[in-house]
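Heads up, there are several structures right after this.
Next, two complexes with chain A in common: one pairs it with chain B, the other with chain C.
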Partner chain A sequence: MVVDLDKYLKQDKDYYIAIGLEGSANKLGVGIIKHSKGLLSNVNKAKVLSNVRDTYITPPGEGFLPRDTARHHRNWVVRIIKKAIKDANINKFDIDVICFTQGPGMGAPLQSVVIAARTISQIWQIPLVGVNHCIGHIEMGREITGALNPVVLYVSGGNTQVIAYSKNRYRIFGETLDIAIGNCLDRFARTLKISNDPAPGYNIEQLAKKGKHLVNLPYTVKGMDMSMSGILAYIDQLAKDMFGIQKKQLKDEESGEFITKEDLCFSLQEILFSMLVEITERALAHVNSNQVLIVGGVGSNERLQEMMKLMIQDRKNGQIFATDERFCIDNGIMIAHAGLLQYRTGGIIKDLKDTVCTQRFRTDEVYIAWRDD
Partner chain B sequence: MTESLISTLEDKIPNIKLNCISQGAEALVFESDTHPYYNDSKNCIIKYRPSKPYRHPKIDLQITKQRTIGEVKFMYKLCKLGIPCPNIITTDFPNGIIWMEFIGYKLENNEISSFKNWLWYLEKNGNDHDPLKKEVEFVCIKVGELIGKLHLNDMIHGDLTSSNMILVQDDVPHLIDFGLSSFSGLPEDKAVDLYVLERAIMSTHSVYAESYNRWLLKGYQQGYTNKSKYKEVIKRLEDVRLRGRKRSMLG
Partner chain C sequence: MRLVPTAEYNAPDIESHKFEPSDGPHTTYGKTTQISDIVIKAGGEDRDKPTDHNDTPLGNLRAELTTLQDQINIFLTDRMNLEKDNKNQEADIERRLLDEGVDEDESE
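And now, the complex of A and B:
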């Protein structure tokens, strides 16, 4: 059976337009997407009309606090929506559906964006769809790369999950038992007082490229799950010893050279990404798949993509898919895309009281009505 | 590709006939009719953890060595306790190679006699053999007993599935694949071990899972002779079932 995606097509129209509002963390994104009628395929691809993003950047050594991030989103949301509509060059009444992130994420930023969504929905009389942030990443990744049924590695500031599709749900096969990978990298960046512009993880990646010596760190894979808080505590202590009052210098055992900031970043990346690649490979073996799709902010890290490529080469007919920073990092377009799919299968919110967003919203809670394999 | 991986092993142990029988996430398993130091033609199994090109060489060496040693130690202890598992012939830690005795036999459909294949075979040929007949119950109880004995000695398998048990002649189950094994006396770890098996049975033998799991637990009780500790594990198992193993993440 093939899913009918055109049951809700408006009369005299052969396309859909959706606007997506994303603000689950420190990025505020608005995107507009267009689907032509019929099933999405290689010849009938979704068209990105506009994709605008503004990031709340904090000074080095500080993270983003929910209250301040929410204020940033409130200040910017109207301007960003206006810019997105202008960039897309459409009439706002041509929009079929307004999509917003319903969770998971930080409470205050989510709430300030959902208020904007409710407001424009009522002014323009356009229905709302609530989207799971993780599903947004997965669906956008699939659409951009053309991966059919991949094992998805979703790595970002708040999530670390290995996901595979089975019977209308994206099921979680492995995940972090404590903190997320992006969180781990960001917090280490804070310890080293590395700049948060454009992103702490990006700056760590640049420093790691200059690192040479590997510092011994714990390796904590548990079956298909992993744990990172211990590694962070360990390397934080090393950094504090090295750059704190004691100025305790560490030496590399082989070469006798001093360990630098760059070496620490390099070691942290190597160990964390090795763990990620290993749990992904376990999931691949478990579900007998040979495609990997990397999504989420950390997915734009080139070293991670390179390691994944090396792993997949050793598997039969292995393929790897990754997107660039426009779609890896949180954005509005992915919310619009996943929301539009949900809209086309009848998933609109009928009552405003169902638009409440939630900090905890698991990937496998969402029923994927638009896939039938 | 797998071929290039196989050739890395051929370089390490030249002139030995290798037949790859499975590729997991971590290791390749080969069958060979050459014994490293006897001249008879008894088959043996070579488990090989290839070096992973994506890992930093230092991390890679450390992990390969650590896991190979861990697995061999676990099997050695099982052997000492008389819990059935393949005997170790020889090992090469830095290269991640373990030679062990070949166990099991070929089923009538030419598959290796793992617990999974054996059950599948009976399930499929259900017309002649009722899958729920006494023999299956007997073997399930035997498997449960085996796991009970393992836990009684504070040993955790870490990856209990029906394909990680091999039946030898007379249907005596043997445990294999100890890559994720550990030693722990906590009821929590034992309960999670059981829960992993329960989930694995449900996904691989969904139709008869309920009976299989009941029999397995019955056998587990028989094998776990320390009654008070057994009760603790079962109580914990009920908690683990409720909790699942996943929780919501902030993000």
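And now, the complex of A and C:
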């Protein structure tokens, strides 16, 4: 059976346009996407009309507080929506559906964005679709890279999951048992007082490139899951000993050279990414797949992509797919794309009461009506 | 046309508390919606200030809503503080009853 994606196509139209609003963490994104009628394929790709983003950046050593992040989204959302519509060069009344992130994420920022979505929905008389943020990442990653049925590694500031599709659900094969990988990296950046501009993880990656010595850190893979809070506590303590009042100097056992800030960033990345590679490889074996798709903000880390590539090259016909920062880092276009797929299979919200956001919204809760494989 | 936002708060101990913005002037710069002090103290700058409102029905509504939001925030914060004080008082009575053996009637 082939899914009918054109059951809800408006008369006299042969395309759909969706606007997506994302604000589950410190990025506020608005994107506009166009699907031509018919199934999406290599010859019928979704078209990105605009993809605008503004990031709430805090001073070095500070994380982003929900209240101030929500304020950032609230005070920028109208300007970003206007810019997205201008960039897309469309009439707002040509939009078929307004898509917003319904969860998971930080409560206050989610709330700011859903209020904007509800408002424009009522003013413009356009239906709403609530989108799971993780599904947004997966569907956009599949669309951009052309990966058909990959094992998905979803790594970001708030999520760490290994996912594979089976019978209309993206099922979670492995995940973090405590903090997310991006959160681990960001918090270590805060300890080292590394700049949050453009992103703490990016700055750690640049420092790690200059690291030479691997510091021994705990390695905590537990079955298909992993734990990172202990590693963070351990390396945080090392950093505090080295750069705090004590000014303790650590030496590399082999070379006798002093351990630097760059070495700590390098070691943290190597250990965390090795753990990710291990559970991803095991998931590939479980589902008998040879494709890996990396999505989420941490997915733009070149070292992670390189390590994953080394693993996948050892598998027969192994392929790795990743997107650049426009689609990896949280954005509005992925919400528009996944939301439009949902709209095309009848998933619109009928009552405003059902637009309530939720901080906890697991990837496997969503029924994937637009896939039949 | 003037659009006036209003709000109403009900709770078991309050029958109804109505909020209405006064005649103004109103702005989009709310007292209770400023950036956190912690960010400014850490050397951050506020680049997320709201834009000024336009003199249109929707623009004026936005400014009046900011006033209304200030009123609600102040009211709810006061209630939270009152609740906290009551809880502290209760905890204090319990501590005195259990630790110091003070009779409940005496303590009132």
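One rule holds in what follows: the second predicted complex is superposed on the first by the 373 of 373 C-alpha atoms of A that agree within 3 Å, B and C clash if a C-alpha of one lies under 4 Å from a C-alpha of the other, contacts with A are read in each partner's own complex, and residues count from 1 in each chain.
The rule we apply is simple: a residue touches a chain if its C-beta (ideal position, glycine included) is under 8 Å from a C-beta of that chain, and two chains touch if they have at least 3 such contacts.
Note that this is a predicted model, so its numbers are computed, not measured.
When both complexes are superposed on chain A, chain B and chain C sit side by side without a clash. Touch criterion met: A:P59 reaches chain C, while chain B stays clear of it. Of the two partner chains, chain B is the only one that A:G158 touches; chain C does not reach it.
Once the two complexes are overlaid on the shared chain, A:K209 sits clear of chain B and of chain C alike. When both complexes are overlaid on chain A, the residue A:R67 reaches chain C alone and has no touch with chain B. Computed from Cα centres after superposition, the angle at chain A between chain B and chain C reads 120 degrees (steps of 10).
After overlaying the two complexes on the shared chain, residue contacts for A:K10 are found with neither chain B nor chain C.
In the superposition on chain A, A:L310 contacts chain B only, with no contact to chain C. Judged by the number of chain A residues each one touches, B leads among chain B and chain C.
Here chain B and chain C sit at a least CA-CA distance of 22 Å once the structures share a frame through chain A.
Touching chain A in their complex are the following residues of chain C: 33, 35-36, 38-39, 42-44, 48-51. Residues 24-25, 104-106, 133, 156-161, 172, 175-176, 180, 214, 219, 223, 225, 270-271, 273-274, 277-278, 281-282, 284-286, 306-308, 310-311, 313-316, 359-362 of chain A are the ones touching chain B in the complex. If you check the complex, the residues on chain A that touch chain C are 56, 58-62, 65, 67-68, 71-72, 74-76, 78-79.
For chain B in complex with chain A, the residues that touch the partner chain are 1-2, 4-5, 23-26, 50, 52-56, 58-59, 62-63, 158-159, 180, 196, 245-246, 248-251.
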